[in-house]
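Two complexes are shown next, each including chain A; its partner changes from chain B in the first to chain C in the second.
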Partner chain A sequence: MSEMKKIKNLKEFSTSADRFEGANLLCPGCAHSIIVREVLNATNDDLVLSASTGCLEVCTAVYPYTSWDASWIHIGFENGSTAVAGAEAMYNALKKKGRLKQPERNPKFISFAGDGASYDIGFQWISGCFERGHNIMHVVLDNEVYANTGGQRSSSTPIGGSNTTTPAGTHSYGEKQNKKDMMAIMAAHGGPYVAQVSPNKWKDMVKKIQHGFSVDGPVFINAASQCCTEWKFDPKDTMHLADLSTDTLAWPLYEIIDGKELNITYRPKNVIPVEEYLAAQGRFKHLFKDEYKYLIKEWQERVDSNWAYLNRREEARV
Partner chain B sequence: MAFDKMELRDIEVWDGNFAAAQALRQCQIDVVAAYPITPSTPIVEGYAKFLADNYVEGEFVMVESEHAAMSGCIGAAAAGGRVATATSSQGFALMCETLYQASGMRLPIVLNVVNRALAAPLNVNGDHSDMYLGRDSGWIQFDAYCPQDAYDLNFIAFKVAEDHEVRLPAMVHQDGFMTSHTAQGVHTLTDDQGYGFVGDFKPMNDMLDFEHPVTHGVQTEEDWHFEHKARQHNDLMTKVIPKIEQAFADFEKLSGRKYNLVEKYDVDDADVVVVCMGTSVETAREVAGEMRAKGIKAGVLGIRVIRPFPFMQIAEALKGVKAIATLDRSSPNGAAGMLFNEIAGCLFNTDTKALLSGYVYGLGGRDLTKAHLVDLYNELQANVDAGKVTTPLQQFIGVRGPKLSFL
Partner chain C sequence: MANTGWDEFEIGAMLRSFDGKIDDIAGTLQEDRAYSQNNSFVASVADWRIEKPVFNKDFCIDCQFCWIYCPDISIISRDKKMIGVDMDHCKGCGICVEVCPTNPKSLLMFPEHADEEAELAKWPEKDEEKK
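Here is the complex of A and B:
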């Protein structure tokens, strides 16, 4: 049987034994480490982890050091999902053959990857893993940018952001494409569980991670990972940015069960205008010039429209 | 055992692909992650059928690309078990990134490479372009000349790769169609003999040992990267050859079939020798015999182990030879051929006075005929008689149009 942690409060949660150590090279204020701790702390079971190339990987396994007190593998940028899928296949093989060293254990197979490694270069590998039904969890640390290589746009980058490959300039407002809807795409794979989470809503996150561990088959978790370096905000404001993202509904929290049953898991009491979320980040600074203010209006319309869509799906139980 | 054993005849009629598939079955692979590509597909099809008929017990993961196949193999191998797959050509090229990762992470995966040309132009037939592409990837490379070799060398590959002093992945190469789809008599091992030879898999740094968590695939920059790569090269250069020789000796005891790092056919007293790989070795041997009947002391040197390259053994084998031709079945695209360069490297700084010339042949599956080889041996003899190389150093043979030669 799986062993889920029973967590009463944030203090107990934040002081529980870590298998991801605080000794790492991530930027102060980076949400990656918060999310990883929240995911790993959701279970007491053994772990087989992977990280795709990216901030998390280069900051936590620099020889001769490691931040991981659990089995961990990195192969490349695109194939972290398939790395744990391969390990899961070996687990199944050795279980069948009676060769597991600790047959009583019930390991969890988790792949961590950035949005570049999930939405873009690693997309095919994730799709393959989900189609084949491996018993793995893929967690996207979605900071909406290639942060490790210095702020290039990915297909997760939202409209209007200024990035190093889509910079705002005298004749451009920056990124022109809307963010890819990975939640819908992954739900369409028909896996048992797809959920969107944010580190500020840790109880919601832990509940979803534990649900993900309890189902058979591939689980997709899309985690908002606020990036002070590329989004350009003060490192002390990470949780403030997370609160703004969930309370403006720029990052709605919801889950999709078996590819069809959508549940909204957080409804802000007071929905904040999305303008406040944009204003808190240097990457959107140029949108507040007169000629680009229409983009802020469009942002709000897009957020409203998406929220209405999610509500309609929840109501219709589809 | 929950799976069934298979009764084999002493000699079965198998093509190279099925011979390799049977070897994988007998080695009892824990995880095969694979993707189909001509001409290697029948290896994994064969394995899938064995699984369907309960002759194997492991996991067979049919992934969505060759890159994913090797990625899955790496994850599975790091988890701790016996892992194998097969590919060819474009699939091999797509795998290339992960080949370096597998060897750098010291994971003993066995990859059957059914050699095929690389596009463009697209071509499904056998040449050595993919085999050559892998030669700097840190893998051990064995070359099979016929279905029997393709069968035997798989057992040897696991034995060497999984040795804890080696822990490096290994490729078993065979020529696309010429070996992979050509049925011949193959002397078999019983299931117990085959598995007994490779033995139980002994895990090391396995991710599924939760009492000893391991971090695989770390970052190293200028402070440590060089040491890691140098140690890997050191192990290839110093540890692997003795282990291969031991495995060859053990396999001879088991089967009576003897393999060598370099296969010498009439080389010891030869004046003129052709150095080649794959199915060309057998053709050259036949022609060398005929040349001897005509009074030309011809021999053939087949390269059995391409990486690590048996430098000293080749220098020793060729020390008394007067003229040598290297046969490269891959376009060098702007250089002398790989074998030309490697053999030149083996002989430089030795006492040899041998005349060396290179030939490029058989691209995209073009036949190497006996007539080509007769001409070639005659050219070598002419070199010996003249006391110098009388032809250009690099010639293309069997290609239409005006004769192509360079250098």
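Here is the complex of A and C:
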């Protein structure tokens, strides 16, 4: 086991040598790369990475360029987690046979995928990796929509969002199904660590990623990835949106250990009404029309009841 | 490899991020790496920008907020000090300016064609209204 990288504060963190490169083709202001940097910079160990089909994959591997300074593989939309799990299984087999050239190195196996490739298309594959107990980390870059293909709704899209396949108009307020609770589903697999993160809370992120590296078994990380293109806000406001999502509790930060123990890791001093989070995004603009305003109230009720539920679980340690 | 067409690869081909052997990437800063022609580091997205950030080191407190939140690895920090912006990789999103906590800000956006020296010479004063 190699030593965990020491990151006491942001100044110390800023001495990291990035292993993710610029001149990738992600939109200006995209949170994907902020999250990827925070995850990769949390360790100095070697990396074995995959990306399932999605914005991150198509924008960082445009021939003749790669933006990755590590082993990186892409196969399909659904199987990034399985590709990394396969590499991990092979690594362990070679280690057992004593055939590793540098057995002292302790590579980290990380699979990156969007919500489309995690909540929908790749779900079965991630579930399989968890059931088999691979020592991998699956990181969801959750922008709540199929952004790469033009903004179709996914099972992560929240109620009331206007998307190209669930547009808001005179007959509809947009998406009607509630966001899938992936955290609960993944925790139910019984893996050692499941955590929700957001790039604005970098310290919380690094702590959780490092904890994920330290445990034995599959780790699931759900990262809020604020998408200026599909959520429709100014690219300069990405971190403002992230702050709104954590401080309205629309995106609560918590972790679940061994599928049971739930810990809330961030409690905003001043909880902001969720209306402000919705108002900052064009995809919810129509909710402020008189006929749809009741949905804002329902949004707040959903956020409140989810927060109460998380608190009850934290207290009960179940 | 860089000149091979995308449909001319042989099975098992691999793009290398670096030329030659590199043993400790996480311990090697960008300026000390032998990037290959297949690494996007050697490319530029400077022509994406409409506006560009200008850095005024006189007000900077080296908090590194801009470093952590820049999506494009374009804030250059060395030895815990912010030393400038990588203008080949900056896409001009403006996040660094938004998160900069100083008063006046140490980073501000200007039109791409603006003259940096001239803008630095007339940098805004401290805003007394803000705390």
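Here is the rule we use: the second predicted complex is superposed on the first by the 312 of 318 C-alpha atoms of A that agree within 3 Å, B and C clash if a C-alpha of one lies under 4 Å from a C-alpha of the other, contacts with A are read in each partner's own complex, and residues count from 1 in each chain.
The rule is short, and it goes like this: a residue touches a chain if its C-beta (ideal position, glycine included) is under 8 Å from a C-beta of that chain, and two chains touch if they have at least 3 such contacts.
Note that the coordinates shown come from a computational prediction; the quantities given were computed from them, not determined experimentally.
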| item | value |
| --- | --- |
| Touching partner for A:Tyr63 - first (chain B), second (chain C), both, neither | both |
| First (chain B), second (chain C), both or neither touched by A:Ala23 | second |
| Chain B versus chain C as contact partner of A:Thr82, first or second or both or neither | first |
| Chain B versus chain C as contact partner of A:Leu100, first or second or both or neither | first |
| First, second, both or neither for A:Lys293, with chain B first and chain C second | neither |
| First (chain B), second (chain C), both or neither touched by A:Asp237 | second |
| First, second, both or neither for A:Asn92, with chain B first and chain C second | first |
| Touching both chain C and chain B, counted on chain A across the two superposed complexes | 62-64, 66, 68-70 |
| Footprint of chain B on chain A - complex, ascending | 46, 48, 50, 57-58, 61-64, 66, 68-76, 78-79, 82-94, 96-97, 99-102, 105, 107, 124-125, 127-128, 131-132 |
| Residues of chain C defined as touching chain A within the complex | 1-2, 4, 6, 15, 17-18, 25-30, 33, 37-45, 48, 62-65, 67-74, 77-80, 82, 86, 88-95, 97-99, 109 |
| Touching residues (chain side chain A, partner chain C) in the complex | 10-26, 28-34, 37-38, 43-45, 60, 62-70, 199-200, 202, 234-240 |
| For the chain B and chain A complex, residues of the former touching the latter | 2, 30-31, 33, 57-59, 61-65, 67-68, 71-81, 83, 97-98, 101, 105, 203, 206-211, 213-221, 224, 228 |
